[in-house]
Amino acid sequence: MSTVLTLLRKELLLERRVPQLVPAMSLFGVTTFVVFHFALGQRTVEGDLAAGILVVTLLFATILGVNRLYVADREEGGFDAFLLAPVDRTALGVAKAVTLFAFLVLVELVMLPAFAILLLGPGMDLEVVAKLGVVLLLVNLGLSVIGTLVGALAIQTRARDLIGPLIALPLLVPVVIGAARALSPVLSEGGAGALEGRWLGVLGLYDLVFGLLAYALFDFLLED
Amino acid sequence: MTYGNRLRVTSAAAALVLLLAFGLAFFAAGIEADQGFSQKIFYVHVPLAIVALGGFVFGGVMAVQHLRTGDARYDLRSYVAIHIAIVLGVGALITGAIWAKAAWGVWFEWREPTLVSFLIVFLLYCTYQPMRFSIEDPDKQGRYASVFAITAGAFVPLNFLAVRLADPYIHPRVLNQGGGDLPASFRPPFYLALVGMTLLFAALYQYELSHKHSRAQLRQLRRKLGGEVEATGRSAAPQVTGA
Amino acid sequence: MELIGLGRRYGTRLALDDVSLTLATGQTIAIFGPNGAGKSTLLRVLATLLRPHAGTARVLGRTLPDGGWAVRGRVGLLSHEPLLYRDLSPRENLRFQARLHGVGAGRVEELLDAVELGLRADDPLHTFSRGMVQRTAVARAVLHDPELLLLDEPLAHLDPAAAALVEPLIGAASGRTRVVTSHDPAGGLAGADVALGLVGGRTALLAPASDIDVASIGALYR
């Protein structure tokens, strides 16, 4: 546990020293909203379309971040330094997942207001924000878990920028389904609809299964 | 030599059972009322898809064995299983498209969750080979491939659940995947075709395994005789060392 | 430390082939050999970063790779890469690694003084010269007071004054068991008890350092 905290502190310190992931992912998200405006020719969106745009933008921003998640460790020998220490190796995976989760929350703090201003038709009142929060919590968990696992896998391949997204995209389809379907009624015109339990169930099950799987498999991705 | 004999038996059994199944499908099974003759492709398409998915999951199970034991032979089995499942998957997608065109007039039907799930799973497994290819060290390649195979193996059922839930409206279909409400005369050829397709998978699986082994043996013999051994170069396939 | 028939492949290429040697506690072995001879691979195997593919390696009384967990934290590796984050300062880097190794912050300050980085200890590493980075890396390698030091050309990028500075930490006088690679026959032999010459992953020379002259080491590179 203390190892996770030590690693986490290092990640946050690095991001604070040289902000890289959070600004890049946020900027990418906002720019994507602009792109969607022109691509769809819509001034405002709601319902299915709004939920889809939000989830897809978040998905691609995550993939952008995952590509950089391990670069410092790989290129500056952080992996070796960590492997030389007498600590539990899974701690690195846990720390990376928590880091990615924290970054996603920060990115969403930028993306959601931008989305409300630029594209979203229905207003964003407290109820909508609360429901968004619940769904995004589960979404972020899934994105962090898969991002941590796929990032660690891709960083050791020669074509890492290609392999990572190619694996992550299909793997995350269930998250997209769960999130988009859950958010569609929340973001629809004429008042926020209820959250459907089964979509939260799908997201929760996904997070649980891949969380455990990533926890069990992460160690195998570290050794040379 | 053991490979040779087993291979012959499995191949013959696969051919026989499949012939019998298709024979029954054409002559004994009834003509489906809505779709007519084109429905017969069902006896190829569904077994293909089921066996391909089974192959993916089997590859995942072998990958678990690989990571648990560290024995590279399990990596080879996992690789071969996934490789053949991908080939059968291509067949399933093509026959599925033909069937969709004949039955519904479109090449792809988003409202058919099984087909959609299958496409997603197939797209995921398409990265298996490129991923292997981009890792040079064979040990690492095997280990990483196994992590992929286990993750993807667990993804198969989860993905089917999510996609099926996503479309509560189920397109009018002749059959459920399990064959539960199949008309009685459709059942024997369907189950026979499923068994035959599984045997075909087994035969292809054994064929590729024995091919890999005999090539490794040949290289070893050449090396012993002091002859030239061509460099293997980089490969996505696991290297077999020794017999 | 004892190696019997140690081998390690990269793909189908043998990076280390049948290397056997013994080294008593407190002794120093100097490894010579041209680029690509397997020196760095040997160090990485001893550091538990690479698994041996053949033979046996006993390090600090443990057999690798199964006993690797008990060896980790007792070896110090100084490799070509500094194993430090470029955007963090020496102090931040060392504190991070000190926490991983369960070492107090006092040791970090002690080492920063020892390698005379006290004044610039809070500047990010990417503003440093190679020599200063190497000094930080030396501090990192001995942070947890390792029993076995694995040094890959430890004096690279260091001027004579800096080399003298790190001598008490990683030199023969440090009292640690040392495995040192070098391209400098005279300098490498000076502090060594045993000399190993590697060519193409194979042992080309293995003898007490006192029995070897500089010329025979020069012959390895031809």
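Observations, loosely collected:
Just so it is clear, A, B and C label the chains in written order, and each chain counts residues from 1 on its own.
Note that in this section a residue touches a chain if its C-beta (ideal position, glycine included) is under 8 Å from a C-beta of that chain, and two chains touch if they have at least 3 such contacts.
Being a predicted model, the structure only gives us computed values, none of them experimental.
Geometrically, the chain at the heart of the complex, using CA-atom means, is A.
Of all chains, the one whose mean C-alpha position sits at the greatest distance from that of subunit C is B.
Across the structure, the highest number of inter-chain C-beta contacts is found for A-B. The mean-CA centres of subunit A and subunit C are about 39 angstrom from one another, to the nearest whole unit.
Separating the CA-averaged centres of subunit A and subunit B is a span of 32 Å. Chain centres here are Cα averages; for subunit B and subunit C they lie 49 Å apart. Within subunit C, residues 51 each touch two or more of the remaining chains.
Residue positions of subunit A with contacts to 2 or more other chains are 223-224.
Listed for subunit B are residues 136-137, each touching two or more other chains.
Of all residues in subunit B, those touching subunit A in their complex are 67, 120-121, 123-124, 126-127, 130-131, 134-137, 140, 143-144, 146-148, 150-152, 154-155, 158-159, 161-163, 165-166. Taken in their complex, subunit A has these residues touching subunit C: 2-3, 6, 9-10, 13-14, 17-18, 72, 76-78, 80-87, 223-224. Those residues of subunit C lying in contact with subunit A across their complex are 44, 47-51, 69, 72-75, 77, 79, 81-88, 92, 96-97, 99-102, 124, 140. Those residues of subunit A that touch subunit B in the shared complex are 149, 153, 156-160, 162-163, 166-167, 169-171, 173-174, 177-178, 181, 198-199, 202, 205-206, 209-210, 213-214, 217, 220-221, 223-224.
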